[in-house]
Every structure is written in structure tokens, then in C-alpha cells.
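Heads up, the next two complexes both have chain A, just with different partners, chain B and then chain C.
Let's turn to the complex of A and B:
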């Protein structure tokens, strides 16, 4: 059997260091996801409003996020602000800012889509039954929106988690960076470590995202309409 | 006494391609206890008309009186109370998919301030009226279209309305189910003495249960009167055109009946599907 280079994981505290790196990734993701989901819903509701100023503003924001690679955003926020404003941002903080900036926009767009996909006759029906505007919104429209939103937002969450691997580019030592360090340090003693370590990183990401995806499937099945 | 009176009602939508004058000086009245039909080709303003009766759409001018009371000047709160008096059922049934049949009927009652227990008791009474008391615990997805519309009717009845507005309530149903729903509406009309306004593009609905009919054309009332009178002696082009549609509908029913006999071995589900296909095709031909 070929040497898969898994042995390095059992040297010293390597396994523990990888898990610590994973925690950094998960921590950045969790904070960004929490911010994205809550703020995103609010911005999404704003996006359905008719005011022109709000429309142009949110539309512009969404387009910027859509076309700007996350890495460029990271560089602008981390390196760019240091040069221009002299800010000395913590790398992890910069990462949270960028991922939230991205996540809020995507979540807002999902929310907007889910809200406008509720047909007009749902509003009419509720009003005809004597519901007030507020009751219609919170008792009829929002519950249906949430159902449509959960599978979509879970997809966003897993995308955000795996994209956090980019933050090593601004010097955050997360799981992938730790893996690289381990490989470098053992270049002589186990030259095949690249395979073993990256495979382990893959498994770790998988173990984080898989349960989330399963949860989404479960909800979709539970709420299946038709 | 007239239960609904519209007087010189105008409604315009302003859109990208200029204004659409959906209703032009529409005046009509619906007598207490009658079943009043409004028919017209698509785009005639039927949906707008029915939405003006409970102010889902607000007209620019004109008067709308429900049991003698002008409702355009009511406050939001008063209007909400009034709307419990004017129930409405829709083409799409509009049940809440995440709630059971019973909860769907109870929900508006609870919103209106009824205790849960009392709401349930009432809801069950009306589910019995529509013949679905055994489906109380089921979810809407488990019901057929006709059954879902029955739930919607039970929900409408539960707030003790004096008027029911039907917006293309049978347009998503096959001819046999349409017949059953219309029978139920007639029963509701007689037993609870509820006045009914039916908006439809199907002549069979008008001839089946309506007492009087208004023919709407390009936002105007083209003809109005007892169903027999309007269609035995049509004065306008559009009424004559609707008569032709009735003929084709009758033919269509005949064809579907023959098909039913020919395909008795098929499951009911399959049949109703094929009926819908035929119906859809015939409408496209119209």
C-alpha cells in the first residue's frame, strides 16, 4: 500500500493543531452566518419596498457583492484600509466583516425572492378574512417565506463555511493554513504528507457541512408541498 | 332590499403602458338572498369589480354600499370588521399548507378574538356543512382541489358572513367538481340566507345557479338582468359571443361524459386530470 502520509497527524500535537485551526474557520463562519441571516432578512424586506432610493441602494450593494471576488474584498478590507486609513484591523475581524458583507447581500436577495414568490392572492385572501396588514404579514406571509427560505439559506451557510478557507490569504491561521504548516514542517520526514493532510482537511470540512445539508434535506422533506 | 349597491364606480390602474381604465361608471345592485353572476371575457374587469366590493381594490370614485352603509368612508378597523361580513373565496383556494383543515377554518376566528375551544366547535359545524368533518385532521395537500375549495367555503362560512364573493372559485376545477361546488353554494345560499356574487368566465356557472347576471365588457356593464332574459334575448355582441361559448361548453361536457364512459377502468384521479386537459384545450380554442 502506498504511503498516504497520514502518519504526520499522529506526530506531536498536529491533530490537535488541525482541530484548533478548524475551530478558527468555524468561529469566523458562525459569527458571519449569524450576522448574515439576521441582517440579510431585514435588508431583504427593505428590498421589496417601493422607495426608489432604497431600491437603488440595495440593488447597487447586491451587484457589487455579486461581481467582486471574495478574495479581492478581503484584500481591500485588510490591506487596503491599512494603507488608506491607517487602520490596523485584526485579520479575523476583517474576515468577519467581509463574509458578513457578502452573506447579508446574498441572504437579502434570497429573502426578497422568497417574499415576492408569495402570490398576491395570499395577501388578498388574508385581508378578505379580516386580517390587518400587520397580521397578514406576520401570520400568513412570513411563515410561508421562512419555509421557502430555510433550504436556500442552508445552502448559503455551507458555501460561506467552505469559502472561509480564503482567509489564510490575509494571515489568519485556520485549518487549511495549519495543514500547510504541518506539511512544510515534515517535508523531509514524510514527503507524502500533502495528501494525508489535505485529505484530512477535506474530511473535516465535510464533517462540518454534511450535517447542515442533512438538516436542510430533512426540512425540505418535512415541508414538502405537493 | 339591496345588499350590495355599486354606483358609478370607476377604477384605473396606472402602469408602464399608460392607464388602464378597468371599471367605467359601473352601477349595479345585488338583492338580498340572490345569487348574482358577473361574466365577461378575460380582461373585462371582473376581478377588479369583485375586489371593489370588499375594498381589496379602492376605486377612485363612486359609491359602494353594503346593506345600505357606504364602506369607502370606513376606518381601517371598521373595514376589517365589515370584511368578516363579506367572505371571499378564490380560484387558488388559499389554504395555509402548514396547518390542518380544522386549523385553517379556526384561524380567522381566533384572529377575530374567539377562544380556541369555541373556534374549534364552530369550525367543526361548518366542516360538517361542507361534508368534510372526517378530514378535520388532514392537511390541505392530502385533499383534492374540490375538497380544498370546500374547506375554503367552510372557512368563509365560519365568520357568519351575509355575503360571499366568489372570484373564479370553480375555474381550477373539472366540470363534475364544479357542479358539486355550485350545489354546495346554492345550499349555503338557501340554508343560511347568504347573498352570493359569482365572478366567472364560464357560462355553465351562470346558467347553473345564478338568478341574475351582469355582462361586463371593457369595464362597462353591457347587459344586466335575469339570466333567462339576458341570454334568450341578448342585445349586445358580447352577450351573443358568450352564448356561443355556452354551446361549446355543452359540447365539451358531452365529450367528457362520453370519455368517462369509455374510460371507466381508469382511476378517478386520472380521469379528472384528462378532463382538465380537455377543458384547458377548449378554452384555448375559445
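Let's turn to the complex of A and C:
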């Protein structure tokens, strides 16, 4: 049995530090998720409007986010804007800004998709039954949209958690960075720590994201539209 | 913004573009192979293998590429399995992409109507023929928008390669910013070069989508 370098996790407060690092990632994603979900729904509703200016604006925004890797956006905000505008940004704050910018676009696109997937006869039937515009919206369209939207937005949460792993590249000390520090500090005493620590980080991410995606899948099945 | 500086940097970015390009596309090609095999295993419920395939898909869909790469590049050598950075990049991208492609392709397979298969059988086609001539073409054409989205996603994911010291676009930009402090110029070039990689894929994807989607199948 080769030395897997897992023993290093039980030394001192290493395990606790690693979990604290994980919490930093999860915290960043939770804040970004909260912002993305709320603002994203609003932008998504705007996207279904017919006004040309709104269309062009939201479309352009969506395309920027679709084509730029999140890492590039992180660099632009963290290194670019600080240099050009001369302000100071906390790395964690920059991360939240970038992930929200990205998440709002994703969420808006999901909302738009869910809204336009409601068949036209739903609107027409409501009108035929004498529902007012507002009643149609809140009693018929919104409940159906929400059912389609919730599983998709839960998936977005796992995607955000996974993407937060990038923040180590702009110097946020999250789980991967803590792992790196632990490996460096124990280079002499446990030379194989890299295997054990990175395997642990791998498993940790899986343990966070997997239940969430299972839940999303479950809801998707439960609420499937025939 | 200094255009002269940007012109000087062009060759460096050009080299990086090439690296991102070939590693990215090799990884994507492999991810298609892995995805097809995994999806077929799951779709035809091949015993034991389908369990492994399911576990693989869940594992790689629920972890970030950066962590996968760190494990492959820094972790595995401790067990005596040393791989070059390029190979790790391709492998990581292929494994991540394979899991996504498999899910996309499997949902494509699920949209093939039972009547299509039954009609083909009653016309006297053999099982292999049904798969090759009816199921696959329909499933693939339905999956194309999903495939395009996956390819764009994977090409964007290549931006983490710099973490395992591959000199890709991200690495070059970061390096030059660190050396000469021409932040705005480097970031502009970075954006332009990513667009050069991604825009053609998007256009080609929507072209392909229009081309192969002749009509609904079996409607």
C-alpha cells in the first residue's frame, strides 16, 4: 500500500482549515446565487418584452457572458478595472461581482426560456374564462413557470459552486488554496500530501454539489410537464 | 491603451492561441468519443458498465475542472503516475466533457420515438441497422444544440489550464501583466483572442442545427 498522504489531514487543525476554505467558496457562491436568482428573474421578464432597446441591450449582455470565460471576466474586474479606474477591490468582492454578472445572465436566459415555453393557449384559455391580465399572469403563468424554473436554477447553483474554484487564481484563500498551503507546509513530513489533499478537495466538491444536483433531478422528474 | 504594445504582444498571444486551440480541440474530440460510448452504455443498460458510467458522469459533472486538473497533475504523480501538463489538460478536458456530452447525447437518444424503432424493425432492419440508420442520426441531430453549447463551455473551461502551467491565453496575459504592467492592453487582447476561438463555433453550430434538422421525426 503506497503512502497516500492522507495522514496530513489529521495533523493539527488541517482538516478544519480545509473545511473553512470550503466555506469561503460556498459563501461566495451563496451570495452570488442570491443576487443572480433575484435579479435574473427580473432581467428574464424584461427579455420577453417587445421594446427594441431592451432587446438589444439584454441580448448583448447575454452574448458577452456566453462568450467570455468566467476567468477572463474575473481578470478584467480584478486586474483591469482596478488599474484603469484606480480603485481598490477586495478579491472576494470582485468574485461576487463577476459571478453575479454571469449568474444574472444565465438566470435571465432560463427565466426567458421558461416563460416563452408556456403555450399560447394557456393565455387564451385564461382570457376566455374571463381572467384579467394580472390574474392570468399570477395565477396561471407564474406557477407553471416556477415549476419549470426551479430545477434549472438549482442546477445553476451547483455550477456556481464549481466555478468559485477559480477565485484562487485571483488570490482568494479558498479550499484549493488552503490545500496547497497544507501541502507546502508538510512537504518534508509527508511528501505524498498532494495526492491525499487534492483527492479530499475533489471529494469535498462532489459531496457539496452532488446532493444538490440529485435534488434538482428529483424535482425535474416530479414536476415534468407532459 | 497603447496599440504599439498590443502589436508587439500579438505573436505571443498567437502562440498561446495555438496551444489553447489544439489542446482544447483534442480534448473535445476525445470527450465526444467518451460521451458517445458512455451514453450508449447507459441507454442500452449494459450491466456493471452502466453503473460505472453513471458514477463517472456524476463524479465529473459535480466537480470543477480546476480541482480535477490539480488532482491529475499534482496528485497522481505521488502514486508514480506522472503525466505531462499537455496530456493532463487534454485528459481533464476529455473526462469533464465526456460526462457532459454523455448526458446531452443520452437525452437525444431518449427523444427517438419508439414507433421509429418499431417501424424500422418491421421493415426488416437488423438491430445494428436500426441503430446506425435510424436511432443515431435522429439522436445526433436532436443533440446538436446541446453539443454546441458543450463545446463552447469546454473551450471556455480551457482558461483554467494556466493553473497547471500550460502557456495558454490566460497564462500569457497573466505573465505579461506581471512583467510589464500593461493591464488594459493584455486584457483587450485576451478578450479578442477568446472571441476568435469561440465565435466561429457558435456560427457553425447554428448552421449545423439548421442543416440537419429537416423536420420533426415521427410526428
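As a working rule, the second predicted complex is superposed on the first by the 224 of 226 C-alpha atoms of A that agree within 3 Å, B and C clash if a C-alpha of one lies under 4 Å from a C-alpha of the other, contacts with A are read in each partner's own complex, and residues count from 1 in each chain.
Definition applied: a residue touches a chain if its C-beta (ideal position, glycine included) is under 8 Å from a C-beta of that chain, and two chains touch if they have at least 3 such contacts.
All figures in this text were calculated on a predicted structure; none of them were measured in a lab.
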Just chain B (first), just chain C (second), both, or neither: which does A:121 touch?
-> first
Thinking of the overlay built on chain A, is A:23 touched by chain B (first), by chain C (second), by both, or by neither?
-> neither
Touching A:135, do we find chain B (first), chain C (second), both, or neither?
-> first
Per-residue contact with chain A, leading partner among chain C and chain B = C
Where does A:87 make contact in the superposed view: on chain B (first), on chain C (second), on both, or on neither?
-> neither
Is A:213 touching the first partner chain B, the second partner chain C, both, or neither of them?
-> second
Contacts of A:143 with chain B and chain C, given as first, second, both or neither | first
Please identify the positions on chain A that touch both chain B and chain C, taking each partner from its own complex.
-> none
Over in the complex, which chain B residues touch chain A? Could you list them?
-> 51, 54, 56, 76, 80-81, 83-84, 86-88, 90-92, 94, 96-98, 107-108, 111-112, 141, 155, 159, 165
Contacting residues of chain A [partner chain C, same complex] | 2-5, 66-72, 75-76, 79-80, 83-84, 158, 162-163, 165-166, 168-169, 176, 179, 183, 191-192, 194-195, 197-199, 201-202, 205-206, 209-210, 213
Interface with chain A, chain C side, in the complex: residues 58-59, 61-64, 66-68, 70-71, 74-80, 152, 156-160, 162-163, 170, 173-174, 177, 181, 183-184, 187, 190-191, 194-195, 198-199, 202
In the complex, go through chain A and note every residue touching chain B.
-> 119, 121-122, 124-125, 127-132, 135, 139-140, 143-144, 147, 223, 225-226
